[in-house]
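Note that the chains are named A, B, C, D, E and F in the order they appear, and that numbering of residues resets to 1 at the start of each chain.
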Amino acid sequence: EEMLGKPKFRYGMAERENQIGVATGLAYTTVGGDTLQIEVALSEGKGKLILTGKLGDVMKESAQTALSYVRSHAGELGIDPAFIDETDIHIHVPEGAVPKDGPSAGITIATALVSALTKKPVRREVGMTGEITLRGRVLPIGGLKEKTLSAHRAGLTTLIIPADNERDIDDIPDSVREDLTFHLVHSAAEVLAHALKEA
Amino acid sequence: EEMLGKPKFRYGMAERENQIGVATGLAYTTVGGDTLQIEVALSEGKGKLILTGKLGDVMKESAQTALSYVRSHAGELGIDPAFIDETDIHIHVPEGAVPKDGPSAGITIATALVSALTKKPVRREVGMTGEITLRGRVLPIGGLKEKTLSAHRAGLTTLIIPADNERDIDDIPDSVREDLTFHLVHSAAEVLAHALKEA
Amino acid sequence: EEMLGKPKFRYGMAERENQIGVATGLAYTTVGGDTLQIEVALSEGKGKLILTGKLGDVMKESAQTALSYVRSHAGELGIDPAFIDETDIHIHVPEGAVPKDGPSAGITIATALVSALTKKPVRREVGMTGEITLRGRVLPIGGLKEKTLSAHRAGLTTLIIPADNERDIDDIPDSVREDLTFHLVHSAAEVLAHALKEA
Amino acid sequence: EEMLGKPKFRYGMAERENQIGVATGLAYTTVGGDTLQIEVALSEGKGKLILTGKLGDVMKESAQTALSYVRSHAGELGIDPAFIDETDIHIHVPEGAVPKDGPSAGITIATALVSALTKKPVRREVGMTGEITLRGRVLPIGGLKEKTLSAHRAGLTTLIIPADNERDIDDIPDSVREDLTFHLVHSAAEVLAHALKEA
Amino acid sequence: EEMLGKPKFRYGMAERENQIGVATGLAYTTVGGDTLQIEVALSEGKGKLILTGKLGDVMKESAQTALSYVRSHAGELGIDPAFIDETDIHIHVPEGAVPKDGPSAGITIATALVSALTKKPVRREVGMTGEITLRGRVLPIGGLKEKTLSAHRAGLTTLIIPADNERDIDDIPDSVREDLTFHLVHSAAEVLAHALKEA
Amino acid sequence: EEMLGKPKFRYGMAERENQIGVATGLAYTTVGGDTLQIEVALSEGKGKLILTGKLGDVMKESAQTALSYVRSHAGELGIDPAFIDETDIHIHVPEGAVPKDGPSAGITIATALVSALTKKPVRREVGMTGEITLRGRVLPIGGLKEKTLSAHRAGLTTLIIPADNERDIDDIPDSVREDLTFHLVHSAAEVLAHALKEA
């Protein structure tokens, strides 16, 4: 890694390996779509939730909702609820100086959380977008076309999107659409089935 | 749930099954009525109350009031008060980016809470609106006509409304009114009797 | 309580029965007087005080002052101070969307608190107004005429008011005054003696 | 205390009896001087300090400083420091709707606190004004003339004032000054010696 | 201390005796220099830090930094770290109504803290100014000339200042400079060596 | 260190010795680059994080992220996670009156933290800049040229920078570049390998 070496990592590209505790979301900004990483770190603690990355109030509530979904469904997700009580959970969204808001990272946050808590890796080729509700419903989001284009540019090949966004798929250029597999989902359980590998 | 599949769920329609911890309220906005879901999730915890869904101060106080009603009437509702102390209660109102306020979801919140705590399902065909007081009085609300029309559009067939709103029923078109059963209530106990099924 | 039934309760009228944990205060607004209910609910807890009903800072401090009066005089009021430490106290003032402020509900809050903690009912025909101090002094209030007229309209027959407001009584029309009994009080102890029934 | 009775108490006048936990301070407003009561109530608790009476930040800090003076000098004041840890202390300044600020009630707050904690009564004829520091120094205040006139009107006969305000005494009209005894003090210990009676 | 007595203390002058838990700092205002006392009081507690005296955010952070310096160097300072955990520390800067800010009281706060915790008196003839860092570095400050003049007026004879302010000493008039001894310091350890007497 | 002595330390220059718990970062301001010290102090405590130095919200989140990186990687970093729970961690960035913000001190904060927790010294000739993510990725930063010039002026000889900033190196004048060794890094683990000496 000396001065003349070449960078091996470029931020905004698909991960090179399946990772634990990291999931790729799709964001929608005034200047187009973007991909973002949701990172989750666990430490011995007292059940505290730490949220960083210049997140707005709606996105913070979305993270809280994703966490409560996981906590209240811990049994069926194969997570020991007592473990969560003794763990501090930090959710961070780089880049730290860029403001982020909105509910559409809900299912991505849930995926990163479940990956961190179960140690199941997230498939590296998967990106996702969708609001999560407390019981795990997946609600539609905006900007699907722009999000899809940025996911394609980043090298992702599989997108998990809300079933209620099906009608928006035909707005995506054919050349992009044929490179991608879409999973239309109604529930967080379906999201996790598509996104996680067995440990 | 592949790309060519059809969406099976459309947000804003009546539930397909009786659910536990979810009740349907009626909201009133500047552009008409709307239905909303109140979701309650319980997790092992320390009696913390978490409120999300971009709720205004009055709606947060209303949720707090509904919870105190439930806590102080735990015995007659068949709930173990010690259980509440060891449970974190999260109340979420999708959609997360839409601001919501006002006291009229009070009885809906109480219903979702009691359903979650008793595991009694909420009847799927029921919608409701009404301010709750700490001792369980049900106070009148505004916008009954618009709320009723949106409930009708969503496929609900039974509405629980405050007795003090009786005079507003004749503002509803006959064609809608005859499709619906109204329960005019004075107390939260009556609301629960109409809304919950035995477990 | 079906659609054709008649409402049995109309908010803003005197209670039909003596109640525990509920007292009737008199408010003064830019458009005249009004009555309001102070509701107190107790739950197993850790001595937390919850205040709802869109209360302003002065009214919140007044509630805190009323509670400290009760706590520091627990012995003479027949209340076990250890019980208060293990109880969460919620004070709510319907209607939840109407802002309320000022110190004049102080004695009403104290009365509702003592009623809830001792299980002594509040006499249903009694309304009251007066600032409370920490040692139980009752200080004068404004708007006595308007408050009295609204109490009269609501069907109350006995009013507890600060002794320092005596001079304001002759501003009340004779026709109203002769329907009412006034108790002029200097101390919270006198208020409680007039307002509460033995359990 | 019926409607025809005469008020026995008028707020703003000297107390009728020596009281425990109540001391009389002198305030200075844009329209002249005023007297005010500092009330202290103790309850079983966990060492919490509650401050009410629409107090500004400087006055709240002054109360905190007075309390720390008392806590750190508990031994010499004859107070068990362990007792303070198990006591919630509420300091209230009626009238609740009137904003109050400034550091000059410092010694009055300290006096009311020590009276409440030792059960020694405060002499009813005494009024006082002066900033307190953490080690019990008494610092000069403004508005001595106006404060003295209001104390005189209220029927107080003894005033405790900062030694550094000595030069301001000759601004007070002779007719008032000769009715009053002044104690010029440098320390909180001197204040307490003049203000408290043995229990 | 009767009305005809003479004041024995005038605020803003050097202390008459070496004191424990009090150190003299030098402030710089738009109208010149001033001296200020930093007072520290210790009470049995839980390690809480209380800051009063209308302090701005930078000065509060400076106090927090001084305290962490003391806590993390407790061993070499002869302080039992367990003692700090069981002690509430209140730092107050009279006069309570005067706003104060900036980092230059850092070493004065550290000195008052160490004096209070070790019971070593602060030399009464010493004034000081300098920003402290977390590891005890002393950083330069502004307004040395004005601060020195006010220290001289107050009767102080020894000043502890940052070594990096050496160049500013020749701006001080000779007549003042020759009355004073300056200690130019790089570290908080040097400050304490100059300011504290052995107990 | 008497008045005639010469200052031995000038703030803004490279450290004279390898230090524990202090790392040198590079800042970018509207008037050019600057170096800054990140200081970490540990005290017996309860796992509290204290942040001072007039830090903006993004920089505070960056410090929180660096700490969570350290906590969640404690094992591989040779740190006992139980130790962190019993330690209060204070991170301070002198000079206390200068506002600071942004994510680019992330790796510097992580380095100072790991140094303090492992007692491994930081190499005194090293400066660094780079955003850290929760899993230890190093993200690119702005102002590399200005930061490098200020590092050079301060006497630093080795700079750790994000690999994704490689393209910015050729903007630095040759005369400066040839005095410096650059380490281009992708991960916090690489940062620590370059910055820390074995204890």
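Descriptive notes on the structure:
Convention: a contact is a pair of C-beta atoms (placed from the backbone, for glycine too) under 8 Å apart; a residue touches a chain by one contact, two chains touch by 3 or more.
Fair warning: this is a prediction, and the values are worked out from it, not measured in the lab.
Contact with chain E and chain F alike is made by no chain in this entry. Looking at the partners of chain B and chain C together, they share no chain. Interface note: chain A and chain F, two copies of one sequence, contact each other through mostly non-matching residue numbers (shared numbers fall below half of all numbers used). Here the spacing of chain C and chain E, counted between their Cα centres, is 52 Å. Per-chain CA centroids place chain A at a distance of 30 Å from chain B. Chain D has no residue in contact with two or more other chains. Viewed as a contact network, the protein chains form a single closed ring in which every chain touches exactly two others. Within the complex formed with chain A, the chain B residues making contact are 1-3, 5-11, 19, 21-22, 37, 39-45, 50, 52-54, 88, 90, 92, 94-97. Across the complex, chain E is touched by residues 47, 57-58, 61-62, 64-65, 68-69, 71-72, 74, 81-82, 84-85, 102-103, 106, 131, 133-135, 137, 139-140, 163-164, 166, 169, 181-186, 190 of chain D.
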